[in-house]
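You will see two complexes here that share chain A, one where it goes with chain B and one where it goes with chain C.
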Partner chain A sequence: MNGSAIVAALGFGIVTASILSLGAVGFTLQYGMSNVFNLAFAGVMAGAEYVALAINRSGVNIWICMALAALFGGFASLVLNKFVYMPFIRRGVKAFGMVIITLSVWTVIQYVILAIVGSTASSFRVSGSHLYVVGAIRLNGTQLIVIAIAVVLLLLLEAFLRMTLWGKAVRGAAANAPLARTSGINVARVMDVTWFISGVFAGVAGVALAMNVVSFTYTTAGGFLVVLVAAAILGGVGRPSGAMFGALIVGLATEVSAAIFNPAYKDVTAFVLLAIVLVAKPAGLFPEAVQRKEVVL
Partner chain B sequence: MSNPIIYYVTLLAVYGAVYAMACAGLSLEFGVTGVINFGYIIFQAAGAYTAAVLTLGPSSSSDFQHYIGGARWPFPLPLIAAAVVGAALSAGVAVLGIRRLRSDYLAIVLLVASLIATTVATNATRLVGGAAGLALVPHPLVSLFNNNAQGVGYNVAFAVGAAVLAALCLLIVHRITESPYGRRLRALRENELAAEAQGISTFRMHLVVVMVGGAMAGLSGGILVQYISAWAPSGWFYPETFVFFTALIVGGMANNWGALLGAILVPLGIGEGVRYLPTIGSATLTTALQWIVIGLLPLVIFWFRPQGIIPERRRRFAGAPRAGTPVVDRSLVNGAELTASSRGRS
Partner chain C sequence: MVRRTSVRTFRSALSISFAAALLCGVVGGVAGAAARSSAKSALSIASVQTFSGATSSFGPEQNAGCLTAEAIINSHGGVMGHHMRCVPVDTRSDVVDSVPAVQKVISTTKNLVGAVGPSSTTASADVPLLNAAHIPMFADTGQTEFTKKFFKYFYRIIAADDSVGLAYVIWAKEQGFKRIGLVYVNNSSNQGAVPGVKAAAKALHVTLAVDQAVAPDQTSYNSEVLALQSSRAQVIVGTMDPQTAATYLTDLKNLTGSLLPYYSEHSAAEPVFKGALEGAIGTTAFVKYYRSIHPASVVGGAAFSLYKKTVLGLNIPDPKQWINDPYAQGPYDAVNYMALAMLEAHSITPTKYAPFIVSVANPGNGKKVVHTFPQGAAAIAAGHKIRYVGIYQGVVLNRFHDSTGGFAVTKLAPPATTSPIGAVSSAKVASVSSKH
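Presenting the complex of A and B:
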């Protein structure tokens, strides 16, 4: 195995890590806020992919499609929480029951998409872009833009959470919802905002993923979800900066292992990594952020 | 009855028995004890591969399929081995996972393990036949029926045998659930910390439960593969576990009738029921509709009947006072009332 192939894989690893971190951060935001382990996140991603595809087919530039798909993802995620999950939580469904419910919603979304678009693969119309070569790393313009979008969005999110009053409210409500409520924070609205933001991340991640794998089907996002959850857990679920870190590790590890071993076992690397980390450090790499709580009403 | 109908009825009976067995094991793990085993299908698959490999005979290089550890064991041994492998794998998972992980992380790790297992089984073509899987698995005891595996006699006998084994599994789960051991398992499900404080070894009980559940999953896989005589990764992709969970949620958890009803309604009922639907559009659309129904079922059940169609029996001690009867010493209650009312006046 020569070194240049591994360096080249590092380049792809950074692209994968960017997409993963968008998804993992969105996923972890929802979990941190509501304690709902939302497996239907992949459903929102897949939905956004096909919304972008429909707009893209009518000749609109792919980046505009991505922005519209992100908006769709945000609203879909908001609606999902407000009109599907919350009523079930109000009816007294506990954390485990919610996992089954999100899994059910995911199944329904995935197969509704199958029923509408069929099982054939589709791809976006992306204008040809220049190939940039730095040493052994070869990335095209599209991939560089994806990395840039991920970096900008993650920085914006950090700034939002750290520097604005709304961000403070989000962190407060995630840490202790009853206390936040007694402090005058409108937890229901903060929750809407959080689910909207996480849905935007899901939408961008979904479209970026579909662009990166070039041709995608209704199962593409679902297959990615497990790697995404692995990254989120690695960083300690409920912690955005941890999720970014987890995504970086998982993204690099999968691509580099694909260059060294059989590419078919690419995802297995991520899972074995997760299994080893969890057996060694059962609460993830940053355990202090993780605490067990019930679903938040 | 004409032959095709008998054949179809026996097929339903075998499938029903296999699903009931798997649901019984999962009911013990999840319904009674609260272990969220999202990788349950792995143990069924492991049992199926074990039974297949141990009846196919040694794999030769000229064969169209390749696998390791081929042997030609006589009838009951491959099934016993399937159950043992299911239990042993579960024990491994328990030792690695249950002792250390939070139950929700364990669920995800098992889901992930399920994906790893299918990926490895698909890509390692020499391990258990790769994506094509294993085929031409011999039927057990077919020599007693003039080697006619398609005959009515053999199919009826197979169905009866499978039903007896399923009944045995349900009986075992029933006996465990109704025993004092079952009470400890329920205590574990309700509040692990409190159970541990009462001196219950949570790890040892989890270990026993997942081993029993894993053995039942393995046995069900072994019976299934000896009936359909083929097994491939596409048959045990991770959503299949979800089908069993749906069955339990629909049927009702922690009781045998619920597990049996769920097994009959969900995998058998929906899987077979869609065959009679008029074909709308394409085969893809039919598959999609089938999965949409499986996905909607838990939502409907959670909304209208969270305890399942047949709920778990409420348990109380023999001779316990009826609800509403004060159990505390009357004088204490009066004293409490007095302080409460005096505080209210002040």
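Presenting the complex of A and C:
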């Protein structure tokens, strides 16, 4: 295997990492705030894909479709938490029970989508994309835009969390909800905002994924969830910046391993890496200060 | 006292008479019901296939063939007075779901006399179950494990995967290609053709430029595509699921600016595969570059004409998509083989009619060749031994109840059917097979 193939793989890895980081950050935001390990996250991604598709088929530019799908993702995520998960949490369902509930919700969403759109693959109408070659790295215009969107959204999120009052409230409520509540923070409102933002990330990730795989079905997002969760755990679940870093490692590792070893095992590379990291650092690369035990009401 | 006695005697007599009448009525009713049931009960054919999940298009595809045979058989009086009915059994592409589903259909379905399917994703688990229950099945799997492992009730008229691999390379060489890129998904459904491709490449002195097993449903295959490009492969052969193929070919197009011819066994008109590839590379490129290499079936003649006419009359979504679909035609022939074997055996009992399937399928002296169920039923009624030659050509079942006929090479004829462009004969496949 020559060096240029590895350099090229690094470029492809950044594209994969960009999509992965959008999803992993959204996933970890939800967990960081609520302690809900929301496997139905893939359902929101899949729903956003088909919302974007419906709009795209009426001739609307794909990037506008992505923005509208992001809004859909935000509202879907908000509704999911407020009207589906919270009633269970109020009734005392614990963290493990919530995992099963989210899995059930994901299954229901998947079959609802199947009933509506069928199993046939769909594709977005994307205008022709120029190939940019810099040395051994070859990326097309769509991939570059996806990378740019990921970078901008992740920077905006970091700025929101660190520089705004709402961001501080989110971090405070995530660290200790009862204490935040006694400090005057409206935790319920903060939770709504967090789930909305995480849904926006799910929507963007879903559409970016569907664009990258070109031809997608109702199962595409579900297949991506496993790697996405791996990236979130690798970075230290609950930490958005950790999820970004985890996604970068997983994305680069899978593509570079495909260039060096047998590409059939590129997913295996990601999970071997995850296992090695977790042996050394059981809470991930960037563990939280707070030890999480139960879901947050 | 006497009166009381006589009253008691009267009551006893009345009770006995009533009980006897009731018993007669009940027994008579049951017997009558049984007789009626025997005269009218339908024979069930389990259509064991994936109706949901990743390969959910396989179910409607197989069922279309089953329903077509069902309609023809029933409109000609059924089998010995019994109507046929196809019972969909959803394996969901996963043995975890298929095993209970198959067990359920075996234990709860009345008059289950046969099966079409299962497909490769679940065949290893489902075939032994159906075999143990003495249910003759025409499996929709090319897995080579069934090539030399005998299951008494297992039959296969689609090609074994290793033969498909041979056919890919034979066709590639005939098209003038000298460097082949073998690309396939690394799961049991998609790598059966690999040994055949390797063997044929060696036997025909064609260079295997790259042997690439890829993980399914990845976000991209850019690194794999660069490896393919650097291998200077001229054609891609191998089986990939629709999403993987779509992503792979799009990456190939984006990175290299062009596509390579691609051969696999997916029908070009199979809705999920066609939808994925057309969406990814466009209809024009799909027609130009994709070739389906699948079991040879006829277009025209009595078998095809009746099939076509009947399938178009079915009350199913978009029936015309199944007209030239080999994976709908195969199950159609399968149900006909079973129904005609029942007629030859004069029995609907699976253990009794199953041995007659080979007799109905294979050539023999004095046999009358028939192409449809009505022709076969009439010939059997007239006292002839028959050989059914349906839409699939060259079916001869060997001692493993396995048949490798020739292959047809087809491309998409937009919008939703296929057109033939060539063939790989069974003689060529056998010739190459004997060299390795």
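Rule of thumb we're sticking to: the second predicted complex is superposed on the first by the 294 of 297 C-alpha atoms of A that agree within 3 Å, B and C clash if a C-alpha of one lies under 4 Å from a C-alpha of the other, contacts with A are read in each partner's own complex, and residues count from 1 in each chain.
Everything below uses one rule, namely that contacts are C-beta pairs under 8 Å (C-beta built on N, C-alpha and C of every residue); 3 or more make two chains touch, one makes a residue touch a chain.
The model shown is predicted, which means the values in this text are computed figures rather than measured ones.
K.L.:
Looking at the combined model built on chain A, do chain B and chain C fit side by side or clash?
P.N.:
Verdict on chain A: clash between chain B and chain C.
K.L.:
For A:Leu103, decide between first (touching chain B), second (touching chain C), both and neither.
P.N.:
First partner only.
K.L.:
If we overlay the two complexes on their shared chain A, which of chain B and chain C does A:Val229 touch? Say first, second, both or neither.
P.N.:
first
K.L.:
A:Leu114 in the overlay: touching chain B, chain C, both, or neither? Say first, second, both or neither.
P.N.:
both
K.L.:
So, does A:Arg91 touch the first partner chain B, the second partner chain C, both, or neither?
P.N.:
It touches chain B, and chain C stays clear.
K.L.:
Quick check for you: in the superposed arrangement, does A:Val213 touch first (chain B), second (chain C), both or neither?
P.N.:
In the superposed model, A:Val213 contacts chain C only, not chain B.
K.L.:
When the two structures are overlaid on chain A, which partner does A:Ala9 contact: first (chain B), second (chain C), both, or neither?
P.N.:
Only chain C; A:Ala9 stays clear of chain B.
K.L.:
With the two complexes superposed on chain A, say which partner A:Asn262 touches: chain B (first), chain C (second), both, or neither.
P.N.:
both
K.L.:
Applying the touch criterion given at the start, work out whether A:Phe271 contacts chain B, chain C, both or neither, answering first, second, both or neither.
P.N.:
The first partner, chain B, only.
K.L.:
Looking at chain C, which part out of 1-9, 127-135, 271-279 or 307-315 clashes with chain B after superposition?
P.N.:
Given the superposition on chain A, chain C and chain B clash at 127-135.
K.L.:
Quick check on my understanding: which residues of chain A belong to both its chain B contact set and its chain C contact set?
P.N.:
111, 114, 119, 262, 264-265, 267
K.L.:
Can you tell me which positions in chain A touch chain B when the two form their complex?
P.N.:
37, 88, 91-93, 95-97, 99-101, 103-108, 110-112, 114-115, 118-119, 226, 229-230, 233, 262, 264-265, 267-268, 271-272, 274-275, 278-279, 282-283, 292
K.L.:
Write out the stretch or stretches of chain B touching chain A in their complex.
P.N.:
36, 96-97, 100-105, 107-109, 111-113, 115-116, 119-120, 122-123, 239, 242, 245-246, 249, 282, 284-285, 287-289, 291-292, 294-299, 302-303, 306
K.L.:
Across the complex, what residues on chain C touch chain A?
P.N.:
52-54, 56-57, 186, 212-224, 226-227, 230, 242-243, 246-247, 250, 254-255, 257, 271-272, 275-277, 279-280
K.L.:
Hey, which residues of chain A end up touching chain C in the complex?
P.N.:
5, 8-9, 12, 15-16, 19-20, 111, 114, 119-123, 129, 131, 138, 140, 209, 212-217, 219-220, 223-224, 254-256, 258-259, 262-267
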